[in-house]
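Chain nomenclature is as follows: A, B, C and D, assigned in order of appearance, with residue numbering initiated at 1 for each chain independently.
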Amino acid sequence: MLTNSNVAFRRLFHSSVRLSCEGKKNKEVKPPEEAGWAFNHVEKKMGMYKPKHTITEQLAYMKSKAYDDAYKGLPIYRWVNRSYSRRHDFFCIDKHGRFNLNHACPVCRDEYLFFDYRNPALIEQFLADGTDQPIDILKSGLCREQYAQLKAQLLRAKEHGTIPFAVDFRNFDYRQWYKQWTDEPGKPVERAGVRLQDIHPDPLVSFPTFKNDKGNDWDEWWLRHDKFARKAK
Amino acid sequence: MLSAYQRLNVAAATSSASLLTSACTSSAQQQQRGLGRRMPKQGKPPILPPAKKVLYHVVHVPWQKPEDVKELLWRRHVYNNAVTSLREVFRAELQQNAAIGKGIESMKEAEEKELEELISENERRNKEKAAARAAREEAASRETKLTMLNEIEETLLKQKEAKRKSEQEVQAAIERSAHFVTKDNLETKVLAALENPVVYDFAIDKMGNKFPNPMPVKYQEGTPTRQKGRLYDETLGSKITATVIENTAEKSESSETERANV
Amino acid sequence: MLKFKPLLKSSLGSELRRGHSAWVKTNTSSSSSVDVEQLFIDDEVQKLLTNLTEIDLENKVFRARRTTIQQRSHFALMTEERLEKTMERMREEARRFLQFVPVKEPRTQTVKVLSQDPDLETFDTSKFVFTDITFDATDQDRTVVVREPNGLLRTSTPEEHDRMNRTYYQKPNRPVFPPSLFQDPFLQDALDRNEHEFVLDWACWFYEPDDPAFIELSHKIFDRINARRNFETITSTRHFGPFVFYLALNENIPPLLNHFGGTGRIKECANLIRLQKTLRPDWRVTIAKGDSDEKIVKDYLKQNNRFRDELTDLVAFLERGVIKSKLQSRETRTVATGARKQATVNARNVRGAEGPLGNLSEEYAVKVVKSEGSEGGDFEQRKLDKTPQRRGRWQRSSSKPRNKNE
Amino acid sequence: MRKLVIPKYFGRPSIGLALFGCTNRPFYHICVFPDRALGRRYESNILEQVGTFDPLPNSKNEKLVSLNFGRLKYWLGERNAHVSVPVLELLGLSGLFPIHPKTFVRARDNREVLKAKEAAAIEAASKKEDEEVAPEEQQSVAAKV
């Protein structure tokens, strides 16, 4: 929400109005950098069209101050208004491009944002950190269409190399490629497969395999807390 | 499409099963079953016989051209002969592979052999590991025995030490208790105490000088004395300074004597 | 109709090229047929290549990468010697991660014609590709046969062969058609972002080592690294071996020599020259057995002073012992980490932007208050009275600011 | 009435194309059925799958066929399996079998159709030229008049 005073002097107009004036060819439309990012007064967007923007505008917008003020450097899904009843299979925009509901998902409601493999920054916000997998749809608060777009554009980004990821390590058996090579290949190596307990067998720090802390959530008390809290209600 | 056939076959299976089990079902139902048209389940679309369009549709195959027929005749014969001979070739190839040891059975045997090898190798490795583990455990147990023995010795020593110390204490206590007051020497002790009473009525300062505050004897033996002053007039302060001077004087003389005779 | 005519003709061309390996680009003086694979497996060369690949655990071999599953990080307190032992174990593990990608001659593009049936002409509009999926056929010796619409039955080209393998035997991150990262606009973008290792890793996972496309792609990347001189993107990775082998084979090692010289590693320079000597025995530089590294490098410089302008850092190091700035970039990285430890706020910049208040310091007057006690209040006071009508950003009532677009 | 039958041991096994995939996207599995009489549309009576055939060409105009030659030889040689015509054609094209007569016939028919189309195309082209020529003649005639 742009509250500080330096926004006032910018030209504030309704984004969809901008859409209609595009129809009239005579008025030259300045690119958003000079014209200033569209500021959306409209609270309730039901039934309105979502304006179309290009990828270059989106890239410029994501670097702009307006974006920083709006989202303060946090990933977009942190600003989702969780008080609305959010099912995971809702659609913000119908097939004609109009909004279905007022509380749109973080990507649909912001007119410049849409998932695209040429803008990895936006996709990376929705990835579980340290992995190349998207987070859960309920956690991301995205509608079904945008979640599908996220997965599709993530795959495209991987294929086009804008989002690097860990390719598995290919263990070559030289005897298969060179006839004269005789000695055995070493133990096959696996990416992220080096375990600390193999490298540093410290008797004091015991990593009992049968009790390894995989899958249990001993340090995520809030998960258990929610369960009881809900039961209590 | 598939589901229709599945339903038909399921019907066949159930019908045959029910035929076997319930011999005495009503004749109408059997008859119906005989016709193969079973009543569909509640709410399901009825099972219809194949449509007339499908039933009475006649496929008119166009006549082949005579030269085609002639050519296809000899091609078909050549082809069929080739196929039969090929089957023969394949059979021979399979037998040959089986003979050489590349066939399925030989592969199975090879797998079994390999399995046995692996199991035996595994057992061997387990035995080795067990032996190594036994040796390690035995060494460890020996070591723990040693440590336990040491600990026992230490505790014994400690206990002996403690016993000796406590014996000494007891001895000291016994010696000390020699002149305790007991039932039998009670009277003598009391009389002795009466003779030389020990007076604790004194003050002491940091230096260890004692400042007795004797009660006037006359007063104790029953004849009241003349009140020379009020009890509280006496203040230890005045006495203290006097005796302190005396004591220091005595000490300086004794220290000189000591220094002299050293 | 017969799209295949050129290919058959080219098969003759590649015969000639057979003698001349694909790895040797420039037909240098000794353009005799060089058996690249034989050379690569030679123990001497393998030892030299492993020595040349340095092991950089933190930034390269075990750097933070995106995995498919989130992993918990494990911490362990260690004594100094225990840490040394662990690092040694990690180094040994890293050596296995730095296994070289096999250097292979590309498979021939020629196809063998199995049978010709002219009267099968136009039996169908499209080709038929037959793949044998017998269970004991490995990726390499699987038979893939193509029937052309003109009735010609031929064996498949390497590209088709691999595509069929990828279709019928799927592996993760191995789609059927090559990803567009391996074509140029995107390849150049990735290389500009210094993701050479990622591209090469994916290429060696996606293609077979003797696939012509893979060899051509890796050569392209090697040339660009050599042209751009950013060797640090590929050092201490599994592709550094083939990269150095490729350079030594084509005799353009001066840039790499310059890089090693700049960072003062004479041993690597000597190893590089020995490698080129082993690969090109008829090379003019003579290397005696017991030579010291220093001597070898000096001889090299003496004999090839045509590269003198390229070897400025090496020469600088030899004569004046100057370590090049490239090392600075690594030092700046270390310095940066070092700086973070010292206190950044001091008397001078406490009021400015680097101070505790950061960019807030422009909006508010910052007064440094010595004692905690009474005066603390007026600092708050000053902050408030300066902007009475608008509450500071921190005192915003609702935890979630109204979004720009709502 | 359908006979009670144990698919594994009944009659002569037959190799045919079982249609998988969905509407507008056919995909055939080349698989072995217990007998021709039992029909091949019933999924659970497939003995074994020895290959796949994708009738729709991919972007490189290729129709992909995969065949498990080892098992195929077993069923053909050992078990003397009956093979349906399309599978025979495929085997013919793959080179394991000689070319099936039907493929020759189809090839010849396609050639004839192509030839006919070309001829028609040539006629159409020539007819178009006549029309262009005809109007010019009329204009020249008009100009002359």
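Assume contacts are C-beta pairs under 8 Å (C-beta built on N, C-alpha and C of every residue); 3 or more make two chains touch, one makes a residue touch a chain.
Chain by chain, the UniProt names read as follows: A = 28S ribosomal protein S18b, mitochondrial; B = Small ribosomal subunit protein mS26; C = 28S ribosomal protein S22, mitochondrial; D = Small ribosomal subunit protein bS16m.
From a predicted model like this one, the values you see are computed outputs, not experimental measurements.
Chemist: Which pairing of chains gives the most C-beta pairs in contact?
Modeler: Per chain pair, the contact count peaks at A-C.
Chemist: Quick check: how many Å separate the C-alpha centres of subunit B and subunit C?
Modeler: Going by mean C-alpha positions, subunit B sits 47 Å from subunit C.
Chemist: In angstrom, rounded to a whole number, how far apart do the mean CA points of subunit A and subunit B lie?
Modeler: 42
Chemist: Would you pick out the residues of subunit D that each touch at least 2 other chains?
Modeler: 104
Chemist: Using the touch rule from the top of the page, what pairs of chains touch, sorted by label?
Modeler: A-C, B-D, C-D
Chemist: Help me check something: in the complex, which residues belonging to subunit C touch subunit D?
Modeler: Interface residues on the subunit C side: 114-115, 117, 119-136, 145-147, 151, 153, 160, 164, 167-168, 177.
Chemist: Which of the residues in subunit C end up touching subunit A in this complex?
Modeler: 37-38, 41, 62, 64-72, 74, 76-78, 82, 86, 89-90, 93, 96-97, 99, 101-102, 104, 138, 140, 171-173, 175, 179-181, 186-187, 189-190, 195, 198-199, 201-202, 204-205, 209-210, 390, 400-406
Chemist: Could you list, by residue number, the parts of subunit D that touch subunit B in their complex?
Modeler: It comes out as residues 1-2, 4, 39, 41-43, 73-74, 76-78, 80, 88, 96-98, 100-101, 104-105.
Chemist: Given the complex with subunit C, which residues does subunit A contribute to the contact?
Modeler: 1-3, 39-40, 43, 66, 69-70, 72, 79, 81, 109-111, 127-133, 158-172, 174, 176-178, 180-181, 186-187, 189, 191-192, 194, 196-197, 199-200, 202, 205, 207, 213
Chemist: For subunit D, which residues are in contact with subunit C within the complex?
Modeler: 51, 57, 59-71, 90, 93-95, 99, 103-104, 106-108, 110-111, 114
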